[in-house]
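Two complexes, one shared chain (chain A), two partners (chain B, chain C).
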Partner chain A sequence: MSTVGSEEGTDVDDGTATEGRSATARDGSDDADDREGSMRGGVQEGAGDGPDEHDGDDESPEEAERLTVRDVLDTDRWVGAPAVTLLFAGLAIVVDRQAGLLLAGAVGVVFAAYAYGSGTPAPTLAVERRLSDETPGPGDDVRVTVTVRNEGEATLPDLRLVDGVPPALAVGEGSPRHATALRPGKRATFSYVVPAVRGRHEWESMQVIVRNAPGTREVDATVDSAEPTTLRCSPDLDATGDLPLRGLTTQYTGRIATDVGGPGLEFHSTRDYRHGDPLNRVDWNRMARTGELATLDFREERAATVVLLVDAREEAYVAPEPGAENAVERSVEAAGRSFSALLGGGDRVGLAALGPDELWLAPGAGNDHRARARDLLASHPALSPTPPDGRFFPSLRLRRLRRQLPSDAQLIVFSPLVDDYVASVARRLDAYGHLVTVVSPDPTAGGTPGELLARIERRSRISRLRRAGLRVVDWGDEPLATAVAGAAGRWSG
Partner chain B sequence: MSGTSAVANDGDERTNGHDGDRKLAAGEGATGSADDADDTETHQRGVDRSPATFSASLSLLAGLFSVLGSGLGVLTAAAPGFAGLLVLAAGLYRGSRRAVTGGGVVLLGGVVFAGVGGGPPAGLLLGALGALLAWDYGENAITMGEQLGRAADTRRAELFHAAASLGVGVVGSGVVYGIYLGASGGQPVTALVFLLLAVVLLAGVLSE
Partner chain C sequence: MRVLRGVTIAFGVLAALAGLASVVTNSTFGFALDYLFVTLVGLFAIAQGLRYAGARRGADLEFTETGDPELRYEVPTPGGDFDEQVANAEGWSFRSVRDRDAVRDRLREATVETLVVHRSLDPEEATRRVNAGEWTDDPDAADLLADGTVERGARDVLRGLFRRESRHSHGVRRIVAEVDAIQRGER
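== the complex of A and B ==
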């Protein structure tokens, strides 16, 4: 099913043609000079008379709509009509006084009068938008139902509507456009489906084109709904795939086996007994064999502080093909999953973005922290599903990031690695002592020679990073966990 | 590096694709009515911008009536009429305003042909009315297609427009024909021409 165009009032009474003409005649009375006023009249009014017109469903009382006229223009339709008349009339004289031709030409006058006699429509509209689900999960279909009501006194003979779908959302089913004719007080409803995309999406004003019946005058306006329509779509932070961390840890107990001997599970070494060592770590077997006291050391398991750094520069908004998920989307998804997994493992996790908008969530733990991260990943402007507008200052951002990073933090960088910048940032941060793991969603395609070249460049960039001692997960189409498992097999220590 | 930009471009396109949808959702209202449809069309992928089917078929129907009207008395006048119908159909198929207007003009040419050949006044009236309505519906179909696309439900607005034009045309021609019948008492055609001219000018002045 696509758009539903049901109008209450389609069924009722009188002929449309006469209705249309009487309406335009009425319009004609408030002509040019009056126009501005009547437009502005459309800006509010109708605040009081809204509710009683509803046929008893659960809507809240509509408030004053906001209609802004952007342009009023002549479409120059029917300008040729008088010419047709004159042509026929002239011919009628030339060709032996044919009255029939003259008669045919008179039709031109009829339409010319129709065109001249119709004034500019003065729309007063109320728009209401309803979402089937305001907080869907990513990929869920959300049905948007739009109701437009003619709040004015006159019939709007030709009303063309284009809904202001948020930039990041693509309409899946149905159409966000609609055309109708509305008598005073009547409503038109249409609906369409958008698959939800991560983020906070606000609907923009609806574009409205109102024409008079002959189509000679056109009012181009925008209407806002009484309440802003917002769709919030948060990614679910399900923890898949343990991302093995590197050896840089804090002094707190966690799950990363370190090279430090002490209490723990995995055998590390034995050493001479020192006074005060706990009894349960004394090597009793050895004591029985040789009579010497020795102490077992285990690999200490500690927690790490991890900062997830998402590459959200304009360059990172790349996808293998139009319509595919872009690399930033995939990065954010991976960051969300890692965040959850790491937090679950007892590590302290923070968030940062490399992009024009600053995003910094200091490493932390706990449910509050998880909720805050989820919120940031869902709707922070730095991670928006569409490329940022602002300028990005690389060195400034890097300097600030270094100041913010706790000294014992390791980094997981999420970047498609389509240029050298992030690779160099990763190497520099690694050199500063923040051990770096790079998770790189692969945005390259293999069709054209240019795409192949980009793919090869990216691969060589990855191998350069690996040579420099950084861990890189090259994440293709497979699930992240698979990619991590594949890459982790090669890692040591 | 050029390779990198190739990827980057791909991504850009993708985001533009998204963006484009917004632009077409948001921006086209402003441009749609004018003739810069070609301009908008290139940017907007994914939306079928061909003329609205309902108005287009009404346009062809009106064109057919026009041919009928011109061919009523003078059968040969149906030939240019049919040519006009073909041009009209081509224009509607391709979404070309110029072709639709051309088709309307050729249809009117058929009416002139019939008039010169001495066709009956009622037939000529029907021919002219049909030609003007064919152009009106056709142009409306194109505008509707450009502004909203074929996927949108535009039926009601098209119907209203068509009915309004038809009503005006039929009532107007009826009045004209009535005057003709009542006053066909041998007034010189030239006088009637000047009368018509006066009406046109008056209408023009009143509209200012």
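== the complex of A and C ==
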């Protein structure tokens, strides 16, 4: 279907001056449309255009099959219509045989015939949905333009549309609801704006509610667009403040300061000059004072192998208030930033998730690795912005994770710590010799006794982990870099 | 009810057929179409009309519910399950008693752990103080977790009588507030 210029309120088809029509939706969504102005002001009904006038317009019968009827209702809107006839006729007889009143009763007969004589509407609709940008960055506004066309032979006098916005997206401007009437071959276009959030978001079926002219019968159906509509939003892998990591693992030059003397930046010790030592490490001051050659040693910096482990169990999908970013979204955001920071520092970084869907990216380095991680963070089902459906087997997942983890890998675990499971996993992995740091986005609120108790219990878990020697970054509303810097201040090593 | 409905329908069908036959055969079947008969028919029509009008007044309009696609998927807030448990813990049904025990156990665990960490008590001593109601000065908080009854002043008893909140809910709220204050170093 071609892009219809109806957003400007113009008729682009055969020049027939069809007036845009906007029926009143039950939820008053047209008010929102009106506020949008001419860009999305209600529905514009374009004249029916033939296939030759409509580039790429697929009008095959397959589109009609995309509509699924879920329910047919009697609305009971005309219950009581016979009362008009009966009351007028009765009064006409009783009150001195008034012929005029008896005639008035006939009006009721007409109403009743109109109400009960209309059949059930049989909608045949084709839906096309267009996104202004299918691969936006986080926070970018994406305009969704929906065009619905009546492919059937009958007029749809009362058509209400509710678009299937993906659950993780909120509508920013406009409304995904629309109400209109469509003659055969006509179409209606409306649009709304969604701010993009990380993840792969697929639009669900559009809900269609059609009533007959008197409104006595209502059909509840869903209709799918010819092509699936998918928005893919990848996270920015911006580096954040350094995450001080514990110990060292691999021999490559990197960011972990060790207690081993050698090349580096931070002074470690001096020793006797040995043949072959580089001239820039000779202690010339000492040479000037004593005439002896000595060599300066610095703390060697080596690269770490780090695996970022995101708690993506159903329990981790919690937020301090409705509509706020949930803890898994915050964890993935933090993991993305940490990934970039660590990779930039020369470390080898991997990615894993604790959840029903398995995610494992072995530690690695380089631009290809970064691109792969970005791809996984954006669209892997394990890190979906909405809770998973599958069942999580904690023991099995932990066993598999242990087999996958390189023996020298450090772990940064991202979890809201709202239950004891991840805290126990962190302690077990620490006990197995992996150095563990926990970054915990705080999802608690303090409004009700239950919320306050959840906060108390989370504080206790953090306290327990710290007593066990693990590093924990308690990440509230502040930027991650600030939280890491604050936590690093209390870490000794 | 079903029998009455069947009788009513049968009567209606018979009446309609009789009326039709009356028109076709131009006969009244022995009924005299006098003033009284016609008035009775009129009154019957009014009665039926009022019945229909009454049905309209009491009728619930049917319509399809739609979701809220404008809003994001909402995830729970930690602690919502506990609030629900506290709300269900009122009364003496089996479920209420079970929920009350669960609430008490969870509060006790959080309190003991807090005392161990923030008051530097060993777990046994912390448990003893909680059981004895000695861990806080607030009698409402202490009473819910104590094994026995905690003594209250006349003022507290009087205040409790005029409180709209149940004793259990009030105790829960006081315990949570007290433990939070201890963790934040305000007690």
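In this text, the second predicted complex is superposed on the first by the 383 of 493 C-alpha atoms of A that agree within 3 Å, B and C clash if a C-alpha of one lies under 4 Å from a C-alpha of the other, contacts with A are read in each partner's own complex, and residues count from 1 in each chain.
Simple rule for what comes next: contacts are C-beta pairs under 8 Å (C-beta built on N, C-alpha and C of every residue); 3 or more make two chains touch, one makes a residue touch a chain.
No experiment lies behind these values; they were computed from the predicted model shown.
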Practice task
Between chain B and chain C, point out the one touching more chain A residues.
Solution key: B
Exercise for the section: Could you tell me if A:106 is touching chain B, chain C, both of them or neither one (first, second, both, neither)? Expected result: first
Exercise for the section: Please indicate which partner A:117 is in contact with in the superposed arrangement: first for chain B, second for chain C, both, or neither. Expected result: first
Exercise for the section: Figure out whether A:136 sits in contact with chain B (first) or chain C (second), or with both, or with neither. Expected result: neither
Problem - Partner chain in contact with A:163 - chain B first, chain C second, else both or neither - result: both
Exercise for the section: For A:350, select first, second, both or neither according to whether it touches chain B, chain C, the two together, or no partner. Expected result: neither
Exercise for the section: Classify the contacts of A:363 with the two partner chains as first (chain B alone), second (chain C alone), both, or neither. Expected result: neither
Practice task
Please work out whether A:79 is in contact with chain B alone, chain C alone, both, or neither, and reply first, second, both or neither.
Solution key: second
Exercise for the section: Could you look at A:209 and tell me whether it touches chain B, chain C, both or neither (first, second, both, neither)? Expected result: both
Exercise for the section: Name the contact category of A:322: first (chain B only), second (chain C only), both, or neither. Expected result: both
Problem - Intersection of chain A interface sets (partners chain B, chain C) - result: 71, 73, 75, 77, 80-82, 84-86, 88-93, 162-165, 167-168, 170-171, 175-177, 207, 209, 218, 220, 317-323, 326, 385-387, 418, 443-445, 448, 450-458
Handout entry: chain B residues touching chain A - in the complex, by the definition given at the top
Key = 1-8, 10-15, 17-19, 21-22, 24-26, 28-30, 32-33, 101, 108, 111-112, 115-116, 118-121, 123-125, 127-129, 132, 136, 139-140, 143-144, 147-149, 151-161, 163-169, 172-173, 175-177, 180, 184, 188-190, 192-193, 196-197, 199-200, 203-204, 206-207
Completion exercise
Seen from chain C, its contact residues with chain A in the complex are 38-39, 41-53, 55-57, 59-64, 66-67, 69-86, 106-107, 110, 113-114, 117, 169, 172-173, 176-177, 179-180, 183
Problem - List of chain A residues in touch with chain C within their complex - result: 26-27, 71, 73-77, 79-94, 162-165, 167-171, 175-177, 207, 209, 218, 220, 317-323, 326, 385-387, 416, 418, 443-446, 448-460, 463, 467
Exercise for the section: In the complex, go through chain A and note every residue touching chain B. Expected result: 2-5, 7, 10, 15-18, 20-21, 24, 70-71, 73, 75, 77, 80-82, 84-86, 88-93, 95, 97-114, 116-117, 157-160, 162-168, 170-171, 174-181, 188, 190, 204, 207-209, 213-215, 218, 220, 315, 317-324, 326-327, 385-387, 418-419, 443-445, 448, 450-458
